[in-house]
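Mind looking over this structure? Questions follow.
Lettered A, B, C and D in written order, each chain numbered from 1.
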Amino acid sequence: MTPDLTVRIGALTIANPVIAASGCFGYGVEYASAIDLSTLGGVAVKGLFLQERDGHAPPRIVETPAGMLNAIGLQGIGVHRFVGEKLPELRALGATVIVNICGSTLDEYVEVARVLSDAEGVAALELNISCPNIKEGGIQFGCSLGGTHDVVSAVRKATTLPLIPKLTPNVTDPSSFARAAEEAGADAISLVNTFLAMAIDIETRLPKLTNGMGGLSGPAIRPIAVRMVYECRQVVKIPIIGMGGIASAEDAIEFMIAGANAVQVGTANFTDPFIWPRVIDGITSYLQRHNIASAADLVGTVASRKPSVPAKAAATSG
Amino acid sequence: MPADVDARVVENRRLSSDYNVLVVHAPAIAAAAAPGQFVMIRTAGAGGAPLLRRPFSIFQIVRDAGGTPTGLSIINKKIGTGTSQIYDARVDATLPVLGPLGRPFVPPASGDAWMVAGGVGLGPFVTLAETLQRAAVPSKLFYGARTAADLHCADLFAPLGAELHLATEDGSTGDRGFITGPLERALGQARGDVTIYTCGPTPMMRAVAALAARFNRACVVSLEQVMGCGMGGCYSCVVKVRQPDRPRFVRSCIDGPVFDAASVVWEELAH
Amino acid sequence: MTPDLTVRIGALTIANPVIAASGCFGYGVEYASAIDLSTLGGVAVKGLFLQERDGHAPPRIVETPAGMLNAIGLQGIGVHRFVGEKLPELRALGATVIVNICGSTLDEYVEVARVLSDAEGVAALELNISCPNIKEGGIQFGCSLGGTHDVVSAVRKATTLPLIPKLTPNVTDPSSFARAAEEAGADAISLVNTFLAMAIDIETRLPKLTNGMGGLSGPAIRPIAVRMVYECRQVVKIPIIGMGGIASAEDAIEFMIAGANAVQVGTANFTDPFIWPRVIDGITSYLQRHNIASAADLVGTVASRKPSVPAKAAATSG
Amino acid sequence: MPADVDARVVENRRLSSDYNVLVVHAPAIAAAAAPGQFVMIRTAGAGGAPLLRRPFSIFQIVRDAGGTPTGLSIINKKIGTGTSQIYDARVDATLPVLGPLGRPFVPPASGDAWMVAGGVGLGPFVTLAETLQRAAVPSKLFYGARTAADLHCADLFAPLGAELHLATEDGSTGDRGFITGPLERALGQARGDVTIYTCGPTPMMRAVAALAARFNRACVVSLEQVMGCGMGGCYSCVVKVRQPDRPRFVRSCIDGPVFDAASVVWEELAH
């Protein structure tokens, strides 16, 4: 018996739980010569503003133990060129297109969402609420509960597309942001984006990235991301798309057991652009081996070991 | 269409205390490669650290007795973790090799082709020289290094019909000084069409590009930026190039590594 | 010329900036047969409550990429037995003893601090404000600015020993906690404690740690910890003791350039218990090579590269 | 006082598809080792993954012609990442080895010593058998495994004066079934003082401890818990043992790995 891998996200049903993470897969079309994009659960394209953006001066990445920092600065062609130049090709390739949308202001988010809602071939919007240059006095939407609620509500009103706010891990309690997003009408949430981090060249004493700081991704962050997905699963009912250091079917399954309905693979695609069938088929065989009828039946099934002490408090206590 | 091959190391030829040529078995990549293309290698083998692959020019295509491509070599210079792993790679070890990647060199439509290499920048030129020979394009190789002992593999080029011009900073072989010395002299004497192809340290490439501009010759550079993915996924490898309306960051892995030297905004290169 | 490695923390001067991290060095005495404890900048002993504590049932650790999770549960002999059984030996060994103190209530913190202030041979108190079972309705002192201020103030009144609150990284803005601690009278701050995290065995679907969650330490977290030290350096004047994944002199120097006056080494001591002279001597030769007269002159000297975009916002934006 | 030695691999003797004996050059550790002690090995070599060291019993002390200790061996069973690296370790590679660590076995004050080993639990018994022989303590080795092919290195014990009792689950050598079968028979017939020393899978050790208790014999176990540091630094390796007032978690790296079996709270062992 072949297990049912489909995942529902609002009105959308995706073929399997494995999605390419935004910013780690270009606009998708770059990988069409290597991978059949229609075999992925979805393709989350590079974050898009209304206008073209240049991004930061290189160096934009640096490796760290079991991870990497990036400060790309959301270089992008802008939503209009995306719709005109990339979307038709993605449609032709049969990709389930999830567009990661950004804004410097609430109005920009809404406008980007509108443009994409009017286009053909967008399956869902992933709301990147950790973007630079936000109105609100520099405080990101994604780091304030009120800001999160406002931007999700505003975009919700502007689109009927499935709406997936993407949460930052750089907050005390990501699950409260998950709840805020759910209350504001999100169809699902995705997490985690990268961890704010820094690396310094000790010879020059300059930050290794031109931008100073960057976001940490890759296997290093996986256990923190799994914890956050688990915490969010305790408080929201909507689907969760989990990510952070997933590099194998086993890692994806761990996120699903923690509470993710679907997963995204980012950094691992850099190392291994042919990872996709291995993750998808690995989930299938795991489900078969464990006699689990559908991917959905795995979600959030972490067994409990007597948690005698509040986990959060205890864990950081050494 | 790039392939990801678990490539067996066939030979590791040490050229010096920091240079080696590594030969791997990778028929799918070898068969598809064009001159100047590169591969991304997981230098630690699958699953090891460092996490990210490292880019290397395809140095030679290895063929069996019947001429069928079976593998490729890279010329490597030890500068950090990944290149040290390549230097230390054991025969029969398996390294994930992804490729061929990037825009290849295109032989000139007319006239001569002059290659200008500095150090490990020799990487893309054997395959180019082969192509030039097949296309009957007259070619020269200008090849510079610090000292004679660092001029590796120059002997590969004479059989490919390339005329050799060498320079060493200490004068131990060829001209004393930078390779731009003999290049400048040659440019001063050149009559017909010349296209320059260059790869090496950025200051050298920049000087070569400036000479080409001064002598009004086409110049193509192969840039070596830090690359996260090699396939256009991450936007880490960008180079600023002049475009009709304004300069823009473009991905050197898929829009390069080969660029028209005149379009590159040299001041904004990361390396 | 031999550079000056001394570091001042309130009234205390330590011989060099390299301290053994709490919970990673037992009570110090365990390492006396391998290392001359008097050569370290200090020895932060395992966290102590007033009473003996059993800690969590094993398994208590699990490895993750470039890191490890721990949920020891602050097993300890209690402050009285520490004073009676361990302190005299530590004094005899010439160790600069920093006691990591814990409490389930504000009163317990104060009481533990009193007991140690009355004892001979305690150089400083490190206030572990990420402990389990806190009064205040389960919210940790360390995750609330008011709680941090209250506990630091209360302990401040109870002791004249140098007081070093140890901050958790599991908050949106560690620098605001640094400021709260400074305002409440801290002589220095130390950070980071571990990152709350989780790993699940996909075959049994049980958390790999009996406690469910655990704290992530080791090289994986280093770039995040460096960022947090840098942020704190921008807002406090008191010394900062930085830690998180330090495994070499180079790593220690990176933290100092980011803003740490001293550093602690935790997980790396597990891998390499003879690491100490390498880190200390490595700092000395770096300072010599760069003609820097004292360790203090290195602190917070990160050079700036045009930060065109607010770093925090930009970094997580991909 | 433990030493941390960058130990050269002298020999890697494969015993089967998952067992090997690895010999390393480490005079400082070899000279200081007492029976039943262990070492912590960075199985990937310095700097590699996994991060943490892995504990291994000191299997044999290697001596030069003059009898001076020069190295040690471990007997390894491949069960995960680190033990696979030990299985694959290359001769002349360098592995950081820390030791000797832990409380050693103490030979009995009087009477006989019976060693009971399961699988790779044979690890600490060669050094104990040597010590027993030197102290003229009569000894037996009860050694069990799944099948004859898994009974490795039993031949080392006869020269050390230990009487061999073997058992295999499939009956291919010795008794059919668990090693507790022959042990129980022997206990039933034993007249004088006997101290039992056991190391192996937890269910086996627990059964041995129960037999010892039933026959009123002293029993010493060597426990194998996951260890973060091996030196008492991390409190990861704890075992609950009965103490005069109440049971407590104690660190098996420094208060063990050798424990009085009667004191161990078996139900609370992690492994």
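Quick notes on this structure:
The working rule: contacts are C-beta pairs under 8 Å (C-beta built on N, C-alpha and C of every residue); 3 or more make two chains touch, one makes a residue touch a chain.
Computed from a predicted model, the values in this text were never measured in an experiment.
Rounded to whole angstrom units, the spacing between the C-alpha centres of subunit B and subunit C is 48. Between the CA-based centres of subunit A and subunit B the separation comes to 36 Å, rounded to the whole angstrom. Here the CA centre of subunit B is 55 Å from the CA centre of subunit D.
Under the contact definition stated at the top, the residues of subunit D that touch 2 or more other chains are 49.
Counting partner chains per residue, subunit A has residues 23, 46, 65-67, 70, 72, 210, 218-219 touching two or more of them.
The touch graph of these protein chains is a ring, one cycle where each chain has exactly two neighbours.
Of all possible chain pairs, those that touch are A-B, A-C, B-D, C-D. Residue ranges of subunit B in contact with subunit D, taken from their complex: 48-49.
Those residues of subunit C whose C-beta lies close enough to touch subunit A in the complex are 22-23, 46-47, 56, 64-67, 69-74, 102, 128, 130-134, 138, 140, 142-143, 168, 170-172, 193-200, 202, 204-207, 210-216, 218-224, 226-227, 230, 245, 250, 253-254, 257-258, 286, 301-318.
Note for the complex: subunit A touches subunit B at residues 23-26, 30-31, 33-34, 46, 54-55, 57-61, 63, 65-68, 70, 72, 75, 210, 218-219, 267, 269-274.
Of all residues in subunit B, only 1-2, 4, 42, 49-53, 96, 98, 225-226, 228-229, 231-238, 248-249, 254, 268-271 touch subunit A in the complex they form.
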